[in-house]
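Chain lettering (A, B, C, D and E) follows the sequence in which the chains are written, and residue indices restart at 1 in each chain.
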Amino acid sequence: MTFAFAFLAVLMVASAGVAMLLRNLIHSALLLVLSWAGVAAFYLWAGAQFVAFAQLLVYVGAISMVVLFAVLLTRRSAGSVADVEPATFARAAAGLLAAGLVGGVLGATMLRSHFPTATGEAPKISVHDIGVDLMGPQVAALLVVGVILTVSLIGAVVIAATDPAATDKEDKP
Amino acid sequence: MTAPAPLTDSFLERVPLLVRDFITGWFPEPIRWVVAGLLAALTILLVFATIFALLTLLERKIIARVQNRPGPNRTGLPWLPFTEGRVFGLGQPLADGIKALTKEDIVPRDADQVLHFLAPVVLVAFSLMTFAVIPFGRNLVSVDLDAAVLFFFAAGAGTELAVFMAGWSSHNKYSLLAAMRALAQLISYELPLLLSVVPVVMLAGKLSTTGIVAAQAGWKFGFIPRWFVLSPWGAAGFVIFFIAALAESNRSPFDLPEAESELIAGHLTEYSGFKYALFFMAEYFGMMALSGLGVTLFLGGWQAPLPVLEVIPSYLWFGAKLMLLILLFMWIRATLPRLRMDQLTRLAWKFLVPLALINLGNAAFWHLSAAWPGLPLQAVRYAIGVAVIVIPFFLIGRRLSAGVAPRTYRYAP
Amino acid sequence: MLGSGIIQGLAVTAKNLVGSFHDPARFTTTQYPEERTKLPENYRNFPFLVADAANDPIGSLRCVACQICEKECPPQCIYIEKSKDKKPDAAGKQQFFPAVFDIDTSVCMSCQICVEVCPFDAIKMDQVFEIATPERFNALLLDRGQLAKPNTYYQQIHPTEAAEVDARLAADRKAGEEKAKAAAAAAAAKAAAAKAAPAAPASTAPSAPKSPAVPGTEAPKPPTTA
Amino acid sequence: MSMLNACLLLSSALFCLGLAAALVRSNAILVLLGIELMLNAANLNFIAFWRFGPDAGHSAGVMFVLFSIAVAAAEAAVGLALVIAISRHQRSIRLQEATRLKG
Amino acid sequence: MIESPSSPLAPLAGAHVRAVHDAFHGDLLEVSMGPHHPSTHGVFRMMVTLDGETVVKLKPVFGYLHRNHEKLGENTTYLGSMPYTDRLDYFCSMTNNWAYALAVEKLAGQAVPDRAEYLRVILAELTRLLNHTCLAGFLLQDAGASGTPLMYAFREREKILDLFESLSGSRMMCNYQRFGGCRVDPTPAWFDAARRVTEEYPRFLDEYEALITGNEILMARTQGVGRLSAALAVSAGITGPMLRACGVDYDLRKAEPYGFYSRFEFRVPLGDHGDTYDRYMIRILEMRESVKILQQALRDIPAGPIFDSKAKIRAFRPKAGEAYGRIEGPKGEIGFYLISDGTGNPYRYRIRPPSFVNLTVLEDMCLGHTIADAVIILGSIDIVLGEVDR
């Protein structure tokens, strides 16, 4: 149990960390996909099956695709498909400092605080329960999310397609 | 997969489970479930790898016959008696396998070595994972997940990534174009595929594959099976599902990523030897998995079409239906030319998605009108169900094929 | 209706799938090496040299090394060396013969022009097509010995054409013989006359089997007639 | 250290990585990916609390993650559409160069 | 960023090029399609510059199969060039032979017997069937139809090739026509076989059309793709079905009847759009007309000699002068231009190859279409590299 968690944790952090360091954009994206898959595995480990599959479907199946597509569409030349120039030193230092500070604060908090934890069985939640919940108490949220999704999708298409000079680009999702 | 076989089933039905219980019986209780799981995985791997090998031959034979050729018929199995060493070219898969294994594995110098290696591995792994949730028979499902359909698509998502990895890592312009095509195609067809499955989930009220098969059990009037494909929305959903499945598994007429006449072999251009064979295998696995899902969702899974035919064990029924779908795949491949990229995406977004959405409403109507009393009303219900999907088909179809029509020609005076 | 054309196409392929199992008009494959289609009589491949005697092909070649084919051959794949001496041909007349006659079949394009220009019916087209060889250099360079094949073989592969050629040659020979006979008779008569009137020069016997084709005057022989 | 704390630590580590990426990298796509990673880290917390928290098993955690994933998908779509639009206009996706809102 | 197209016909296609040029924003991908590419019909190379999948520039490169044919012709006897003409467009050796024979006969003032003229028409129309059938198959293969239409086309082509083989001795390198007639007189059995093939051909065409002509995918792939305007076609010297698909009524068999074509009833189909679908359909319709010509010719063929007895085979030396013989080959106008200086070899030997001339508008047709379209546009031009490169 703990071992599985440790393994997943190392996988997630390592792949995300390496992804952020790499210069090759495609490698970064693929490593991040691995990290997201690790998150899905964590959900599975925690017993949230439905969420895990949803995470896989959305992140590995959809978002990664869109990201890779964007990488290919915005590449500058065939030769340097995916290389990004490194950040300047000042920028890197500032960014890392900020992130380090946030991390320090968060980590210290986590280590110091003692949350009351539940003991006993892992909670079970079936697809049926989720369905009932979505259609019952959470129906308003579901509707809002639906509207947001629709609007953002239409917006994305409009943003990506309304290029003054673009003629007949491929239909983009 | 660890539940004991119910004794009510016939002996043939229980054979696989009995074998499993026999083997797991050798192991101590605590690790039996592990052994059972491994056994299931191994069985799937062996069975489907064998089917894959035979399918490659079958496909070549069928396409050859469609083209009025005999197809591969030289390579036999030399140790088979009375065949003069050549029986229907049955040794061809074996010979192909040996060839693929012994061929030099060429990796282009500028290729992304790691991704180039990982792509086929990831592809086969993910396409094999999808088999886990398909119920091959009455009691034959490796993992009876609550959210099995979701799992299927989640695992299938990985294969798209692998195709992209292959195309991109090869460092070849054709492969890069193929990678772009693969991405656009897979994104476009994921949606109609999912949307065509949603009505099934809606009417069965379950995401679990076994539950969906169970929802199709029984016979109307004692002989018409209650398979979803026999209802108007089910038939439409099945057709949409099938078209999207053709695209998802990169089969003709949607084989744009590997379009031989344009991109040579697309993302496979720089693959050789065993890695190429893995891609090939994954393509067939993908095809079989999607066909299996289609059988499960629309064609009643492992259920027999008639009550009297239930003597035949369920896994054979599943196999027969699977073969039927795969033959359909092959038949279509032997007939149709390829679409162009923009037409491919247009077909998905402007035709399949709207139809799938309409079909969703159709399924809802079907569900709500289930209680209409009397045969005449049921007939009306059926007619409405058909009309709701056929009329939009005509309207959208006419818009889709606007400007494209057979022509008449004039002759010089 | 959208899709009707596709369904029609599927019907056609299904018909062909079924048809290939029972309809020989659809399923036309022959399983070459085991099964072979009969070659048409006119089929041509590479040239061979016709020899009159089956037991001594090289010795009885019709070829008189006139080298017309060598000159006319478009890809120039024929190489001939004329003999120094003469020897009698089938009709008994003294002729040159090819000391070397090579055809490079890796260059030859089977155009049949050598056959058409030959005034002696000495070179004809063969029907052996399985001449592939792993040897890269000299195996496809056929020499006199490999090229020489008896007339009986020619009769076998191109029966109509060979019959015609034989008839023509026989007629020519007969005409030649008659001419010779007549010439001999004339000579005898002349000799007799010469005896009567001596000191007349004895004419040599006229060439017996004069070739039928005088260059440029005769139509190409149609190998088959309707 | 309880399991919950471990999960929270993990999530904060991921969050910081995402934050660092978003701040340090100049490539728009990578920044977007960093933000996605931060979202994921937050989601991880919800599941951690759902699993190990004091009120374990309450469906709110799972629900929230589901909604969050849906919104993340929308966010990615819009974000990447913006990236593509920017790249079309400026022929670059370096954020330093994307200084104008007007096309 | 892209130079104006090097084609001299640029002004005509200029607007299109500019539109594409303006639309062009992303980076270009230059792909070298060929010389070893499955769908360039031989060793042909297209340097394609792509924006996404759209062709913004296409530079055809050929000459990989150059065999010095015309120079060889000047150093070979008149007859010696005949087998080389087989190898120009190896689908149409019979018509190539005829065009060359026609040129030499004009040069030498050689008459041809009636039976031979009929035979030439029969063989030319059989060649047209063969060529168009294969083209339809190849075009569909380029469109991605996993070989089925191609195999059907080859099945039928085989029947015609069998006819050629039993007549001339070779399936493709027929070398059949001679100056002053033909080489071999067909037997009655051959005529029976030819009649049978002719009779069965419409049935095959029906089946083929059922298979593919009404196919929505094919129509979507080809209609409106690779449009060629009549003006551009005429100014570029396009001939054959490709020209007639643009709606220009120009068929040498009607415009300048050679041989005995004026004796036959047939029609010339014309297209209105000049796109790939028209080019495909025009060929299908031409095949139906060819069948009609064949039926008439096989019915009317007279008995008699097939070779003018006054013609020379050896020592053929036409008087000094020049001649241009041209016929309507399956791919377009194939012509031979000869100058004789009275010796056994021509002084100048020049070919007007339809494949080569028709290929010149490739870029103009492909611009603005996708790479997949470029492949089928190339397929619809119907080139044979043996003739393009010579």
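We adopt the following convention: a contact is a pair of C-beta atoms (placed from the backbone, for glycine too) under 8 Å apart; a residue touches a chain by one contact, two chains touch by 3 or more.
Since this is a predicted model, take the numbers as computed values, not measurements.
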Hop count on the shortest chain-contact route linking chain B and chain D comes to 2
Between C-E and A-D, more C-beta pairs in contact link A-D
Most remote chain w.r.t. Chain A, using mean C-alpha positions, is C
In terms of mean CA position, the chain most removed from chain B is C
Cα centre of chain C to Cα centre of chain D, whole Å, reads 86
Distance between the CA centroids of chain B and chain C (whole Å) is 62
Per the C-alpha centroid definition, the whole-Å distance linking chain A and chain C comes out as 82
Note: chain E sits from chain D at a C-alpha centroid distance in Å of 62
Where chain E touches two or more other chains at once, the residues are 25-26, 29-30, 52-53, 148, 152, 155, 211-219
Note: chain D residues in touch with at least two other chains are 88, 91
Where chain A touches two or more other chains simultaneously, the residues are 50, 54, 62, 66, 69, 73, 76, 78, 163, 166, 170, 173
Touching chain B in the complex, chain C uses residues 1-3, 6, 9-10, 12-14, 16-17, 19-21, 26-29, 31
Contacts from chain A onto chain B in the complex sit at residues 26-27, 30, 33, 40, 49-50, 53-54, 56-57, 60-62, 64-66, 68-69, 72, 78, 81, 126-127, 168, 170-171, 173
In the complex, the residues of chain B that touch chain E are 63, 66-69, 173-174, 176-177, 180-181, 252-253, 255-256, 259-264, 333-343, 401, 403-407, 409-413
Interface with chain C, chain E side, in the complex: residues 76-77, 79-84, 86-87, 148, 152, 155, 158, 162, 165-170, 173, 175, 178, 183-188, 207, 210-219, 303, 305-309, 311-316
Chain B contacts chain C in the complex at 62, 65-70, 331-332, 334-336, 393-394, 397-398, 400-401
